[in-house]
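Given below, in the form of structure tokens, are the structures.
Shared chain: chain A. Partners: chain B in the first complex, chain C in the second.
Moving on, here comes the complex of A and B:
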């Protein structure tokens, strides 16, 4: 009885020491620290191509994008984060055509499901790598994706 | 007065005041907004009554109004720690209903991501369970290793936790070029680390005292209550969907379904520890053999399931996750029912924690590994 009692005490202490050994072994090995110094390393903190930061519409150097204003992304968005406002424009041939006026994207509502990007027939949308989204005013989270004065790239099928 | 023999009844024969307290909805060890109404006699728990619904979002109802590809992003938000498996269940259901055969590459990648998700989930469970027992170190060690998996996810799927990476017919995009290398590096690293987990917690005398013979769930009860996953396997209930109804690349891999027979908190703990080893075995069998091919088959822009009822189940980290869809031929489901493992696991709470101390209740709920959004849906 007494013998068992002491055996329990010693095996208990041994188990505690085994655990201590693990923590102490880390204590003397600072090379195993993996924490990042976040605000300091902002310059080299680059995200990957697939990273889902926000939905963006890439523009080329002539301020042209590929969005035709078809509205497929708006239909496919599960929560109404996208709103397409289109306008009519008279083209060079004198015909009236529907073009995109504002591609409104509400970052605050987006669930980053990626359906808009996947279903866009002209690949006009992409993931942006920005991840610092904190703002003081939430209206700032509603963005217009097509830049001011931008036009549709030539050759994009309507 | 009636003669009593056991010690516990002795205590109850003393006139302790009975009282009712609420544990939660804001309690650090319920890991979410779960409210347990406890009827106590002194320190002994007499009745546990879970009150769910604090984060009920009506996901099943919402799914009836959106198309099948759109439902996927909502299934992420059930059990967020097994988001990938939940996605997969919907995708498999749609693919089976339309009789689409996905490329082998997709099957392999899905299975690899499944097992990585399971590993990450069990790591988080391990560190939170240790913390519930008062071992703060485990929390940091578990999170440190989980971070490595999340980094792998982030590169390939774009998000760390709720990925929405599966789409009907395949995957959102192909894997990152470093994916295989990083997974192999991780396995090599984690094989060295996992014995440390055992040294830190499994062998610890305080931990053993607090978990052994606590919250015993018999095999019959596990079956009756529908407790699946590691919690069910801790009671010897062989319920691994990966074995019973293999999906994706599981038919191609060899792995063991580890069972424990005792059914106490420690058995449930051990099942999960073994599962981490098994997950690494599965990963090793698959990671070098990912076949070439496309990452998705072309689907019609509007997916309509033929009229009928469909059911698909997968093994999520906490048990069997099932999706039951009744389709009337439209592009939205007529009824979208989810069988979430945590709801069943919670139902057993009263049964196994009756007549235990209130501190044991924490150990029991930790060992069931409840994720509350999955319960409330």
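Moving on, here comes the complex of A and C:
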């Protein structure tokens, strides 16, 4: 009984000291600090891969994207952030094909659910890592994702 | 004596004589009271603000964060900015609150810590009142704060405030016992309750070393119990923001809230300085017997620096407690006091009495 009481006291003190050792080790080593000084470290700041900054449409070096203009992303978007304006183009083989004129993405309405990216059959959309979206005019939040004069990459299934 | 260059009593004596030669004794006393009051007000505000900042930084570093670092150098002016914000805020009075008590409560809390500060020697001769029962006085006036806390909880007419205040009351009543007994242990060793004499007795070595085992146990108990007495984590059940929003000061806003906040930090400072005075020798430099060279070097460091360093060390330990341990439940709190601290303490007083009687201390 008495033995257990003292055992309690000393094991209690030992475990408290163990806890205090952990916090002290963090206190004396500033290298463990995770917080970053944001505006100062803008140049070297790199967001992690899974970060959902905005929806982008990757283009390759020939200014080609993979979007076929099927409209699945537009249908899937729960709050209508995406609008696809398509046009018809005559290809080399003389056939008329439907291609996108403008892939409009309204950042202001986007909830970053990622359904458009998930459901895109040709993987034309991706997450961008840009997060400084503040602007003075909200019309600037309506973006056209396909670049000027871009075409569909060859071999993308329609 | 190498001490005299840092002796403040010559300076205060000089002021007193200059005033006496210029005016009647009545005005001298009035002016002196005003001076001391102003000095303490300033000291109180500066220390309180700095402690809030220090706590936020210490907490941040222990949690792998940076803490406030934008306002002023390394964020030093952050709490000043916070205070200015609080000063501009509206003082909300609760409709069904007891107006008189509601308004008195923050002042009672702050008066308690103010009175306690008076009896603590900040440096050699830098002492507002040198009472011959200084230790007893500090114990007595520091308990006034709990009345303020209880009144704040009661008059707010809010369940959170009331529960917080009741918890705080129960906690202070039980932990005051432990603080008192550990202080009694040191009084037994010192043989006096006069704080300036206690400091003087530690010239040859601090009481922590003089009283060895018994003083060490008393020191640990004092640290734990006084942390509980000032309602700080891990004993902050009176605030317990996850359960009671903010405990007894839930309904307060603006500068009245700032008073509670400041008083909490000043109580921490007072407890730490009392601990530093009783166990670590107050403003007395660190002396090792027979090391004359070492002792002279130590004497060159001003007493005020020693005092602040020791107090700061104890404050750091109290902060360290807070940011390491999770909050206790009320039953765990009372178990710790009545089942562990109190028996140890009673035994420790006996042990200290034996040590003193048999002359086993240094």
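The definition used in the following text is that the second predicted complex is superposed on the first by the 123 of 158 C-alpha atoms of A that agree within 3 Å, B and C clash if a C-alpha of one lies under 4 Å from a C-alpha of the other, contacts with A are read in each partner's own complex, and residues count from 1 in each chain.
By our rule, a contact is a pair of C-beta atoms (placed from the backbone, for glycine too) under 8 Å apart; a residue touches a chain by one contact, two chains touch by 3 or more.
Just so it is clear, the structure is predicted and the values come from calculations on it, not from any experiment.
Colleague: Is A:111 touching anything from chain B or chain C once the two structures are fitted on A? First, second, both or neither.
Modeller: A:111 contacts chain B only, not chain C.
Colleague: Answer with first, second, both or neither: which of chain B and chain C does A:50 touch in the superposed model?
Modeller: first
Colleague: After the superposition on A, what does A:131 contact: first (chain B), second (chain C), both or neither?
Modeller: neither
Colleague: According to the contact criterion defined above, which of chain B and chain C contacts more residues of chain A?
Modeller: The partner with more contacted residues on chain A is B.
Colleague: Applying the document's definition of touch, where does A:24 land relative to chain B and chain C: first, second, both, or neither?
Modeller: second
Colleague: Applying the touch criterion given at the start, work out whether A:16 contacts chain B, chain C, both or neither, answering first, second, both or neither.
Modeller: both
Colleague: Check whether A:34 is in contact with chain B, with chain C, with both or with neither, and answer first, second, both or neither.
Modeller: After superposing on A, A:34 lies in contact with both chain B and chain C.
Colleague: Tell me which partner A:78 touches in the superposition: chain B (first), chain C (second), both or neither.
Modeller: The answer is first: A:78 touches chain B but not chain C.
Colleague: What is the shared patch of chain A, the residues that chain B and chain C both contact?
Modeller: Dual-contact residues (chain A): 16, 19, 22-23, 34.
Colleague: Could you list, by residue number, the parts of chain A that touch chain B in their complex?
Modeller: On the chain A side, the touching residues are 11-12, 15-16, 18-19, 21-23, 34, 48, 50-52, 76, 78, 111-115, 118-119, 127.
Colleague: Flag every residue of chain C that touches chain A in the complex, lowest number first.
Modeller: Counting only chain C, the residues touching chain A are 58, 60-66, 69, 320-321, 323-325, 340, 344.
Colleague: Using the touch definition from the top, list the residues of chain A that touch chain C in their complex.
Modeller: On the chain A side, the touching residues are 9, 16, 19-20, 22-24, 26-27, 30, 32-35, 37.
Colleague: In the complex formed with chain A, which residues of chain B make contact?
Modeller: For this pair, the touching residues of chain B are 66-67, 69-70, 72-74, 137, 144, 147, 154-159, 162, 164, 167, 172-173, 176, 196, 199-201, 203-206, 208, 301.
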